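Note sheet for the following structure.
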């Protein structure tokens, strides 16, 4: 089977700062890939390049063979990639239901079917009962859950989760991890997770890619990566912080 | 906007309110016609016209969240196109209306697409810039007779029905006739806006307003939808311009491009509640009579009545922006009304 | 060719005045990313102030420039404290709206008080110089406008030094970079914002005082200057003071050259059209960095 997503030598500068340098990675259909690295490693930049919010200065990004390196975000979404954001972007003045309907309208032009699909997904992700709550009035955990629900409504083949667990309490984090597992199990999507918290990402991922200072350090099964000397060095500080 | 309509008593109360409002709107001019106070029919005409324009502005301003300071460009294109079609080709007024709307929408799409890359303040200023470019064009373009203006042949009467079909009302029947013409166009506007609001368009406009990047991330082409929103506004303003054209029987560039044609609809939308379909209607009902009153009482004096009401509007806008950003409809009307009916509201009050 | 060079020369002089009009907006924008729809109205008030003091007390505009600057500084601070502070952290739409309201309020207030008639500053030092000119080759440079332009340039440079070289200016820049960090080092952001508004308003009012020597004074004069100022700020790369100067010179020249070859009604149209073009093709402005 051809790879779902191929990133080939993605390089992105911001003025003098090289946020991504020659980063290559592959995501197969149906797998969960963790993208880790210390702060400033370039993870969100890579996500932005993949989702079309930014365009790489050089290199190629392909989704099932289609070149999306210079595609606008809406086209990338249409082709099957949905994402969540590090700082939650919900449609604050609309209700939970309306937010998800917006996502569902990606696949249908009529509000009726979108409404039905939205209700299904809201039940699936555990937001049932909050349909008519304005998004701005939700807790952070629920806002993140809403963002994921809305992204799922676009029927993606690949879901990019940008620090979906950050800012959550341990209980909320566990619930979020369970949601990601359920999404993977029942919807069969490929998922790419950017995370800082090792205890979350390692058990969740089939494969982990490590970035450091804009370059890919290594990749492999979580257990191997966790034992890799270079990764430990890059992460020494974070590792202790995650424990505390 | 709730996903489902409120059940039971509140729902029936709403329906009763609709029917009453429709009756009032249809019967409004009758007492004035009987008593001879025809002036109030014209006030009603202006209320409906501005309410219609306000709904149009609300689409780009309240729903799509883009501040547009130049909608009167399309009021002008509507008026001029209809005038030209009527004068040079003898088109019936309603056909001319259609033509005017089509032409205005095409122009809108063409000039708006390029500026949709601009955000916030910069988009607003671009719309002002367009308005300022339109002014010398209007004053010097030979096709539309520049500042000498275009004149339509004076209507020769012919009864109410004939007038409704040709938008020709003269003399004593003018107030009544144009009131009902405005009512028809207003009703069409409300019907169209309602349909848009409940459709994909309504959702996508509000998504772009609330978070443009987030909207793009779920597949919404923000540039396209900004253009569509503005074109809907342009269509409505063009229709208003056509109505004005047949009412005034003369089209002058500085009159159709006048700032009142953007400030009043904008004010109506804001005072009545941005983003709510009926906001501009409420706003218009409140503002136009006040404006007319001011013109009447101050018009004879040394102070130009116009200037004073704009001063007050400016102050009101600042007050609302500073203290009540969502306009009058953010007041707990629903709670008060519900208490009046003796039961709790069906849905949480939106902030 | 002479026509072209003359137009360029005239444009450069006007550009210096435009720079002063725009730089107030640059400061407010650069600091707070807030824009003032009523920017040109303060300029108009400066014009009326100069005219009024000239007619009633016989003061030369260059003299009344000082008290007017102080008054308008106060007006700017007042606008910030009473209105802008409330909308600063809210939606952009509401911010735009607030200053639109201010625009209608001030412009029509002026109409109510002064009527829409055109007024002129008849007697002033600068108008007294009219007729005198310097000749460079085939090009005539009128002394009054040149002097006016040089005064504007001097003020502009003082401002630049103030922002770039003094502690106060550094505090302003710090607040614009990172408001919270600025608070940590003892800078009070609210005070910085109020000062920015005061400065911005005072500067554009001074520009108005100088312009009153050359242009008709009437309430509607402000709006096209507001759009002009935006165009300049956009071209100049947003928040860069020197960029504003260069952009203003470019705009002055474009306007002047356009007026030389097209009907005068279109001279502003070209500038406004350029604003739209720049927004499309090079959103960071001609002199912006990224």
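Per-chain numbering from 1; labels A, B and C assigned in written order.
One rule holds in what follows: a residue touches a chain if its C-beta (ideal position, glycine included) is under 8 Å from a C-beta of that chain, and two chains touch if they have at least 3 such contacts.
All of these numbers come straight from a predicted model, not from anything done at the bench.
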Taking each chain's centre as the mean of its CA atoms, which one is most distant from chain C?
A
Find the two chains joined by the most C-beta pairs in contact, please.
B-C
What whole-number Å value describes the gap between the mean CA coordinates of chain B and chain C?
34
Distance from chain B to chain A - Cα centre to Cα centre, in angstrom:
43
Note: chain C sits from chain A at a C-alpha centroid distance in Å of 46
Inside the complex, what are the residues of chain B that reach chain A?
1-3, 198-200, 203-204, 206-207, 209-211, 213-222, 275, 347-348, 350-351
Parts of chain C lying in touch with chain B, wherever the complex brings them together
35, 37, 82-83, 86-87, 90-98, 100-109, 111-112, 115, 223-224, 226-227, 230-231, 234, 263, 265-266, 268-269, 272-273, 275-276, 279-280, 283
Provide the residue numbers of chain B that touch chain C in the complex, in ascending order.
61, 65, 67, 69, 114-115, 117-122, 124-126, 128-130, 132-133, 135-137, 139-140, 263, 266, 270, 303-304, 307-308, 310-311, 313-323, 325
Mind listing the chain A positions that touch chain B in their complex?
51-53, 72-74, 77-78, 82-83, 85, 89-95, 97-98, 101-103, 105-106, 109-111, 114-115, 131-134, 136, 150-151, 153-154
